[in-house]
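Next, two complexes with subunit A in common: one pairs it with subunit B, the other with subunit C.
For the complex of A and B:
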């Protein structure tokens, strides 16, 4: 883990040296994984590193109890596909990290992995799904005869139809494909798509219901405490495994957008985190991903709770 | 070309009936009647656009809407038409709006 201190490629970036290291979504990101051989002489002097020293010592005491923690924590998001090799030592060596996502700042007791569930369940706000009706459609006929339909071919090449129950909007294309948005649950999305298909069928087209698929799910919730976004972005600025997109897991530009954008790798979810404590999660294909992502981020957020 | 929308109004219908009578009694040709109606279209459109100033508010619940060929059609239920002086209540109203602008 000599590389620990040599994070050359990433040096210039905001995080303090060594902050790159992966592993725990805690703020002492500097802990390399299995490097636990020695408390690395951390060359930087910022407070985080001192904290690390503390933690390292704690953890070394506790390390014996950490059996296979890294593996065990199904919950911890592999937030950092750390650019460095530190991860390789992961299995085996004294797992320095009590994989507990909890108790970031404090010297840790190796908590059990799934220890505190947050008790908060994100609510699904929007589901986007697509389905193929399996036949070509004449949009003008549909727009003229169906209720609650808009068709402005100069502006957009689809009929926009809405129904009241479940309250949803559908975009119907001449190829026969349809996008259904606005439902609050998977079942409602499917039901709504079926209703639209029935409307089209009643107008005389041989509509079928092929390949229904949920493409995106959006959820939101409130952690009920304010969050220090600046701190969070400082310690979580790491290269993600998709550097061509965004070199960071989290990005926070308050002048552009008041929320912090956190791109979790596993599950692949984007979270918008706001100072008020409200969190928006999006990008999921199944409901479990939203829940999992929230359980992953909750401990981190607790660590960055604003105390003033 | 102006919308022929206004031919089916009280005013437009009266005009059409009068023209039909005149055609029946051979006082004008059908071609002339057609020209009269076209002129009526232009005149009513410009008059409504330029010479009408009063304003009516209305409020109701939307039953259906449709937008096709740049024409909006709404069907409202339980509508109240309110002018400064008057109030008219109606169960069902169909509103047809030709909309020529392409910028929404």
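For the complex of A and C:
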């Protein structure tokens, strides 16, 4: 599958057979989970049975068509039937990410010419989300009875709880609100938040799961060539007097921070760009913003490639 | 009258020679005239002399300065108030029965600008400590006034804003000071100055040029007491190192410090890394790191006409 080959680093899951496909990259750009343009249906259950259903359906209909995958791989995120799965893979899965028109696919962006595709996909490193458990909590009870919980009221007014799978940390406040950090994907963050809510529930509080919202997503990637930051900051500095393509504020102060801080307006993302070519993107509420921001910055970075 | 005024009533009437409106008028203070240099026409006569009435010498034990003009006005900065105030009384009648002076209203001179005046004083104090010239101080005051009037950074400590304005002014004048140098004369931490710096740039919608290694060479070298040859060599080394991209991602200060180290070690005046680190405000491990990066190409980095006291291959290798 040429698709898989050109998306190398994004296989977070073990491939059971090491077969042709290196596992099922759930959240590749081919399946933009919540690209911000169309609301994705989110199943509220973590039940695996639903997953098996979906996968079996896909296998039947995947008659090895590679339909609809255009040349520009990073470019045209097509809406597939979003797999709201968790971390497990099922044995014997074929690449679920061949185009199976299970649901009507709407290409979000028209296929741009292949010369502009970067072929690099930013990987999500951290997701911060909040949820309201809907009841007041007694932090001392939670800290005493739960495992992996620490509570130091003099330092901070919340219980810090950690779970191993998915590896996340949660701050649980006495008002019942909770912040969950450290997950690597949206679904993992939701799953982790549900796990914390279950822990709290088991301790005897009437916990609910209200208003789960992802507050921040952090992604990183590597453009694989060194970048001339001084050139970039010179041309993208002025606020409004020099109408550049991206008239916004980029700030590079080597005394303060070794990376260039680029504040993109649309989408509203902050990028940290380093000399080595590594780029960190943060401030996104949905995954598509990170991809969009990276696609926007990639041609600019190519223009400031170091030639030595 | 030979004075002409411009069409709009808002502009002050400018005196011009009617035949040569572009000519700069020469002032003849003895006669109180303004004379056109092209044709010799006396354009404005009986011009009032705004100099001081008489000269006062500090040697004379003049308890009272007979000058009837006050301090030089600073209209740009203080809102240009021409207010007057009643001074302390001198005669016996100005004291009431307890010995207190009767008229006591000497406060609240300029209440709204009190903080600004304080900040100006602080700026002047800070600038004096590092011997900054008057033009930088004036620029700093202007920047501070702009920021203060905008009120977008009202919550921040005035000292922090003043320090950041000082940093920006030095940058804008082409003689940047490192954050650490500003920290040394201010009570604010480097982090806070850096934050205020970014906020001010955003608020005033200006930008500053990137720092280069050459900006600091003359200051660091003369603080270390290195001769001009060594300074020129160090400048050359640092510039070449950056051009050849031997030190990607390193702060220009560190590169400058490493270049000074290399140049001084190759000359008769050898300085240790610790000394250079103290002057430049970089840690000596940082100098070591940057030095290791430029050491392999040391031979090309030196200027062609440099006289080596220690040849290139004998340079210390860390």
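The definition used in the following text is that the second predicted complex is superposed on the first by the 184 of 308 C-alpha atoms of A that agree within 3 Å, B and C clash if a C-alpha of one lies under 4 Å from a C-alpha of the other, contacts with A are read in each partner's own complex, and residues count from 1 in each chain.
By definition in this document, a residue touches a chain if its C-beta (ideal position, glycine included) is under 8 Å from a C-beta of that chain, and two chains touch if they have at least 3 such contacts.
Note that the coordinates shown come from a computational prediction; the quantities given were computed from them, not determined experimentally.
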Q. Is the arrangement of subunit B and subunit C around the shared subunit A a clash or a fit after superposition?
A. fit
**Q.** Partner chain(s) touched by A:274 [first = subunit B, second = subunit C, both, neither]
**A.** second
Q: Go through the superposed model and pick first if A:306 touches only subunit B, second if only subunit C, both, or neither.
A: second
Q) After superposition on the shared chain, which partner residues are touched by A:147: those of subunit B (first), subunit C (second), both, or neither? A) first
Q: Please work out whether A:165 is in contact with subunit B alone, subunit C alone, both, or neither, and reply first, second, both or neither.
A: neither
Q. A:155 contacts which: subunit B (first), subunit C (second), both, neither?
A. first
Q) Looking at the overlay, does A:254 come into contact with subunit B only (first), subunit C only (second), both, or neither? A) second
Q. More residues of subunit A are touched by which partner: subunit B or subunit C?
A. C
Q.
I want to verify one number: the closest Cα approach of subunit B to subunit C after the superposition, in Å.
A. 22
**Q.** Contact set on subunit B toward subunit A in their complex
**A.** 64-70, 102, 104
(Q) Please output the residues of subunit C touching subunit A within their complex, sorted ascending. (A) 178-179, 194, 197-198, 201-202, 205, 207, 210-211, 244-245, 248-253
Q | subunit B-facing residues of subunit A, complex | A | 140, 143-144, 146-152, 154-155
Q: Spell out the part of subunit A that touches subunit C in their complex, as residue ranges.
A: 226, 230, 233-234, 237-240, 249, 251-256, 258, 274-276, 306, 308
